[in-house]
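Letters A, B, C, D and E mark the chains in the order given here, with residues in each chain numbered from 1 onward.
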Amino acid sequence: MILQVENVSKRFGGLQALQDVSFELPEGQILGLIGPNGAGKTTMFNVINGVYPPESGRVIFRGEEITGLPPYEVARRGLARAHQIVRPLNELTVRQNVMVGACYGRKGLSYAAAARVADQVLERVGLAERADQLAGSLNVAQKKRLELARALASHPYLLLLDEVLAGLNPTEVAAMLDLLRRIRDEGVTILMIEHVMQAVMNISDYVIVLDYGKKIAEGTPQEVANDPRVIEAYLGDPKLARCLLEGEESDACPPSEKGV
Amino acid sequence: MMSTVLEVQDVASGYGEVQILWGVSLRLEEGKLTTLVGSNGVGKTTLLRTVTGLLRPWKGKVLFQGKDITRLPPHERANAGIALVPEGRQLFTDMTVAENLEMGAFSRRAIAHRRKNLERVFDLFPRLKERQQQKAGTLSGGEQQMLAVARGLMAEPEVLMIDELSLGLSPVLSLSLFETMRQLRAEGLTILLVEQNVHMALAISDYAYVLSEGRIWMEGPAREVAAREEIRQAYLGM
Amino acid sequence: ARPTPTPTPPPPKPTVAPTVAAPAMEASTPTPVVRKAVIGFTASQTGKLNVESTRQINGLTLWMEQVNAAGGLKLADGSVVLFEAKFYDDESNKDRVQELYTRLINEDKADFLISPYSSGLADAAAVIAEQYGKIMITTGAASDSTYKKGYTLVYQTYTPASRYLTGAFDLLGALDAAVKKVAIIHETDKFSTDVCNAAKAYGEGKGYEIVLFEGYDSGTADFAPFINKIPAGTEAIMGGGHFADGSTFARQLYEKGVSVKFIALLVAPPEPKFAELGDAALGIIGPSQWEPQAKYSPEAAQAAGLEWYGPTVEEFVSAYKAKFNEDPSYHSAGGYAAGLILQKAIEAAGSLETDKVKAALDAMAIMTFFGAIKFDTSAEAHGLQIAHQMVYIQWQKDAAGNLVKQVVWPAEAQSAQPLYPLSR
Amino acid sequence: MKPWRQPGFWIPLLLILVGGGVALVVRKDTLREMTFTLLMYVALASSLNILMGYTGYVNFGHIVFFGLGGYTGFYFISRHGWHLVPAALVGGLTSALLAALLGLAVLRLRGAYFALATIGINEAARAFVNNFRPFGGPTGLFVNFAIYREYGGAPQALWLTYTLLLITTLVAVAVSYTVKNSRFGLGLLAIREDEDAAMVMGVRTPRAKTIAYVISAFFPGIIGTLFFFKNGNVEPGDAFRLHMSIEVLVMIMLGGNGTILGPVLGAAAYERLRGYLLTSPLFKSLHLAFAGLALLLIVLFIPAGLVGWLRRRFPVLRRWLE
Amino acid sequence: MLAQILASLVDGILLGFVYGLAAMGLSLIWGVMRVINLSHGAIMALGMFGIYLTFTHLGLNPYLALLLLAPASLLFGFLVYGVAVHRIINAPYLSSLLATFAVNMMVIGIGTAVFTTSLYNVDFSLGTVRAGVLALPGTRLAAAAAAVLITAGLYLFLYRTRPGKAIRAVANNRAAAALMGIPPAQTLALSFGIGTLLAALAGGLITTFFPFTILSGSGYQSKSFVICVLGGLGNPLGALLGGLILGAMEGLIPIVLPVSWVPVVEFTLFVLILLIRPSGLLGART
């Protein structure tokens, strides 16, 4: 198990954002984290990587408890994250952005080495020709790729991806899914939050569902999509569930994954 | 003949250098409930921000009651009768519930109807009546959404636009909100609805626009749109 | 390069002011060699020292105009020296003073320097003067410490800080031997602190009990905390700092109805504006470097066995009034006196050469309208003013009920009897 | 990434070396005095830039380090007869130590709150020194003219001070460049852009900020010692002038916040402009107002400063103007 | 001893009213617009000279003159907002710090050219009220009363009137306020104007008991920062309370320490509060 989340609870004032959530991530897989808006998914990420300390519960990463560690300590242990709301370092170049990831990631590369890694990673996510542009000048889709590039450059064991597919067109989604699979195949574990159901159901080895801060289901995509509670809380439509289950060929499915 | 209250003509808009809308046109007929359908990030909110003036269109026009209002600042559009319940609620978190509602009725046109609207809003959302003196920021998410909608209703608008009506509301409450929309429409209010629950939205609407990649992909009477095969597949999951 | 004057036997020294001597000189020498002596200084045209500095410069300007108008200063070799001023704004800030004085010396070829106003700035300028071997007459700078740094070319016009308030204890002793409890409250700038430390030591030496000794920040406007701290039974208050705080302090002492018998404050009381305090000013005593009422005269000089030099008090006052349309303050007089000292030294040296002028300054013992002038020539405190005395003024009411300044100490300079004790 | 092969590195250094070297070659005292003030501001601005330009923390209290470091260095010269060089180093180290202690606390504040706290620190430091006996309290400290003999006379002492300042300035600018173009500096820039994102990427922000603060504080301590030594005395009022902090800040803004060359050009431009306004008969009495107007125009219309504006306007210059 | 404590406390509190008033404008502008107005002190000085000029040249009673000063300073505030602040209201805070500081330099620069830096005095007295150990100058009592009135007025304005509520709404959420039909730019100009007005009035009141120079404002400005942090931002009552606390401190600390330590304590406290509760002792917890 690369990551164990044990009975994590987190509240914001009167709002119970997470309540007693537990799950485990086996190494080398892609895991989907889904749930309605405001279910606490992003909060879960924030707790895992140390942005918020939880009120109770533990987070264990590669056998070491990291609960309450500041985010930079977590990052240095090999846990990288791409944000839901992109946070590019606007006044720095795209290359510098990625270099930050490389310099301060798990390997803590030197300045020169980081520059080399940055160029490789940018090549990989398709931003190579923009390396010298200021990050602020990228469009949203490119910024999402930049988020991913920064995370990759840190050579993480575990990658937390918060809606990196949002805002991408179907072709881009397909390309990105390819990339994610290759990253997984290199041994990086991926935990992804995603509302693009088709994608999640396709790529995930395992899916966890949150609702109102509680884990309401988990299992393979098939199991989850058939769970009545998930259908009620999140999918809302049995037909859609069937589509997800049967794959894109099903006549129950929309022509492209426009999301729900 | 029905008259057009609000018309968007060939609007292009975006943020910084990123273009989001690529020539969108849309008309709101008086007293009708229109719905705007589209996936995440296609630019629905961007369109509403452009209509209210929070965002300057790069090209195109916005007409309100036949007048070109493209260059009016947002507060003048609000005073003219365009109300928006914005995405993310945007409450005055440090002010009380009552004060938020009062701010909703800030425009001159709304003051006269304040008492009447307040009664209706409290009728609709008894919870708000109980919590008048509570700071808006301390309300629960659902209550905040109620307050946001209520604040929009206080404006006594000509056109009410609601971005994500049922966001964060319990199913029961969202149902009753849809019912309210129908009621308001019956009272003659012009409404533009953006809603994730496309099923419900189409069911209560008169007319529908489908926005895709920053362009109007399809439009028509809501019933017809809902019946179209590609819509059923793309947005209704059928 | 300046032309070196050819040494000729000095003519008999004029013992009257150049204003008086002028017509005679012009008549007797048809076309003398005219030489220019540049006097360099900085003025605080902006910043917090602006007011005092301006007065000081006014005095200096008046002196220079008078000398030049009188045809200049005649040297031993028959050449005539005309003075020219070169100056810059130091913004009341120390960080530019040194740059500006270096510029005055090297670019503007200043022959002699006058200090900026205030001890702090003068101190910064003195280093430069000494480094470049230029004579600097300080005025408006009373700190003792400047003269304890081993300088040899810096000469002080003012009575040094250590003797600023000591006379107030003497006066108090003369008025009322029974008074023992004195509170000292002073501004915590360098000057006021020096003054009050010296005064405290002096007072304690005379058997006074200093019941409160506190400092306040420059710019303090509220003195209530100090006033509230004055212990019951305190009979006299001394201290203060500069005009702003001193006048405020006096006013609040009055408003708070602090009843002591004797109040002496630094710097502020001699200012004419102090009278604007009205009743709060009544009876307040203050040391002054100079006052128009002070009775310095050729006769007094003779009595003291000193040479009299320069205009009389009345001549200075009326010339100043005529030019600047206001009564001269001691800053103005100090500015004028600095010029006068320089003039006398050049005249005595018969030369513009630093060495000779320095020797003349070291030997100087004169009395002017500003008072007696003599410099310490010891290695420990070279240039320190040792002859000049403070006068102590007190605000009193004249027959018409108007506030007027009277000199009440030293006894020989008294223009009126001290008002004692204060009635509040 | 060899710095000496980068024009962005040697352009500012060369400028300073030439500008500051002229006085050394010509041996003209007025020029030396003028350049002294200039170099002092260049070094102060460049060192403040290490904090403000790279991490984005606006420090109104940079002058605290000038004051306290300078006081400490001067204390050892005047009371213990130290030579200028070790005293200046101790002054710098004291400032650095102080920054390390302060930094751990106040760098937790962000944005305007940090800026305000630094104002508070400045006032507290001034008031403290005013009451601190070993530093002479309100009267400050002074040296006897005789100590210059140790340096071969006053002129030699002044030339030495000047040379030391020139070296300090060069080092400050070189350090500023090295920091910016290093792994560490990259972390600082990330903090400036988005502190939370930087943290998530693994930048140990509290430590990085504190180190930047410490480096930035070291130079003013040295400069303070040199300046007070040159003046021959020090008083609390001169050592902690809030106004001077703000002027340094303005210089950075004028030249370009976060650039290497910006503080150098900004300090030079500001000093010359002020000098001109001060001496021009037209502006003399209103120079403060005109300086204010100039500042306002910069803030309103070229917020990126001279270098920032040039870089944006002519991207070809990016390589040359770092 | 008890007498000294009583006298010090009363003096401190009286002064605290004025401090509170001085801080109120800063607090309003900061709270509403997130602009730290570094021209605050300069504007206070303008207020002082406004009263001085009307008093000495027109012979107007200072309290009447305040009524003239109010609209004039409001207009001046609009002007400053329009020229210096509006363009950068959404820029990083360093911009607004520097822009308002530039205004400060201009005001002080022109002020120095006109008035020099010499000391001015409004020679106006309302006598002294004596009660036991207490001696309370009438002008200070009047200033305290004025401070209370102005606080109450401002409170009522902000919490009871439409424009006042609009100011709070804009402060809270600029975009949403525009959607309600509240013109944000005008409202911001109004709050800046009121902030300026308060600064000028505070300055004007101070002239009745303290002498002043064109540079006098800066000391009050520094104290106002402390007060804002004590009292929380944007709330007039907070500013008044903060002022009273500071005043009381300034009265009481000297009893145990030399007065010259007061600023050390004051500003150290300021930094500490910032660290512990940046939203102010009386402000909401964030």
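Note that in this section a residue touches a chain if its C-beta (ideal position, glycine included) is under 8 Å from a C-beta of that chain, and two chains touch if they have at least 3 such contacts.
Note that the coordinates shown come from a computational prediction; the quantities given were computed from them, not determined experimentally.
Visitor: Counting one step for each move to a touching chain, how far apart are subunit A and subunit D?
Guide: 1
Visitor: Going by the touch criterion stated earlier, list every chain that contacts subunit A and also contacts subunit C.
Guide: Expected: D.
Visitor: Starting from the Cα centroid of subunit E, hunt down the chain whose centroid lies farthest away.
Guide: Of all chains, A has its centre farthest from that of subunit E.
Visitor: Which chain pair shares more contacting C-beta pairs: B-E, or D-E?
Guide: Taking the two pairs in turn, the one with more contacts turns out to be D-E.
Visitor: Distance from the CA centroid of subunit C to that of subunit D, rounded to the nearest Å?
Guide: For subunit C versus subunit D, the centre distance works out to 38 Å.
Visitor: Report, in whole Å, the distance between the mean C-alpha point of subunit B and the mean C-alpha point of subunit D.
Guide: 54
Visitor: Between subunit A and subunit B, what is the gap in Å from one C-alpha centre to the other?
Guide: 32
Visitor: In whole angstrom, what separates the CA-based centres of subunit B and subunit C?
Guide: Each chain's C-alpha centroid was found; their separation is 79 Å.
Visitor: Any chance you could list the residues of subunit C touching two or more other chains?
Guide: 46, 188, 215, 217
Visitor: Touching two or more other chains, which residues of subunit E qualify?
Guide: Within subunit E, the residues that touch at least two other chains are 112, 258, 260, 262-263.
Visitor: Could you tell me which residues belong to subunit B and also touch two or more other chains?
Guide: none
Visitor: Which residues of subunit E touch subunit D once you look at their complex with the stated criterion?
Guide: So the residues of subunit E in touch with subunit D come to 34, 36, 83-84, 87-88, 91, 93-95, 97-99, 101-110, 112-113, 222, 225-226, 229, 258, 260-264, 266-268, 270-271, 274-275, 278.
Visitor: In the complex formed with subunit E, which residues of subunit B make contact?
Guide: Contact set of subunit B toward subunit E: 52-54, 73-76, 78-79, 83-84, 86, 90-95, 99, 102-104, 106-108, 110, 151, 155.
Visitor: List the residues on subunit C that touch subunit D in their complex, please.
Guide: Residues in contact with subunit D: 45-46, 88-89, 91, 93-96, 98-99, 102-103, 105-107, 120, 123-124, 126-127, 130-132, 145, 148-151, 188-190, 193-194, 215, 217-218.
Visitor: Enumerate the contact residues on subunit E facing subunit C in the complex.
Guide: 4, 7-8, 11-12, 15, 112, 116-119, 121, 123, 125, 128, 130, 135, 137, 206, 209-213, 215-216, 219, 250-251, 253-255, 258-260, 262-263
Visitor: Name, in rising order, each residue of subunit A that touches subunit D in their complex.
Guide: Touching subunit D: residues 49, 51, 70-73, 75-76, 80-81, 83, 87-92, 96, 99-101, 103-105, 108-112, 114-115, 150, 154 of subunit A.
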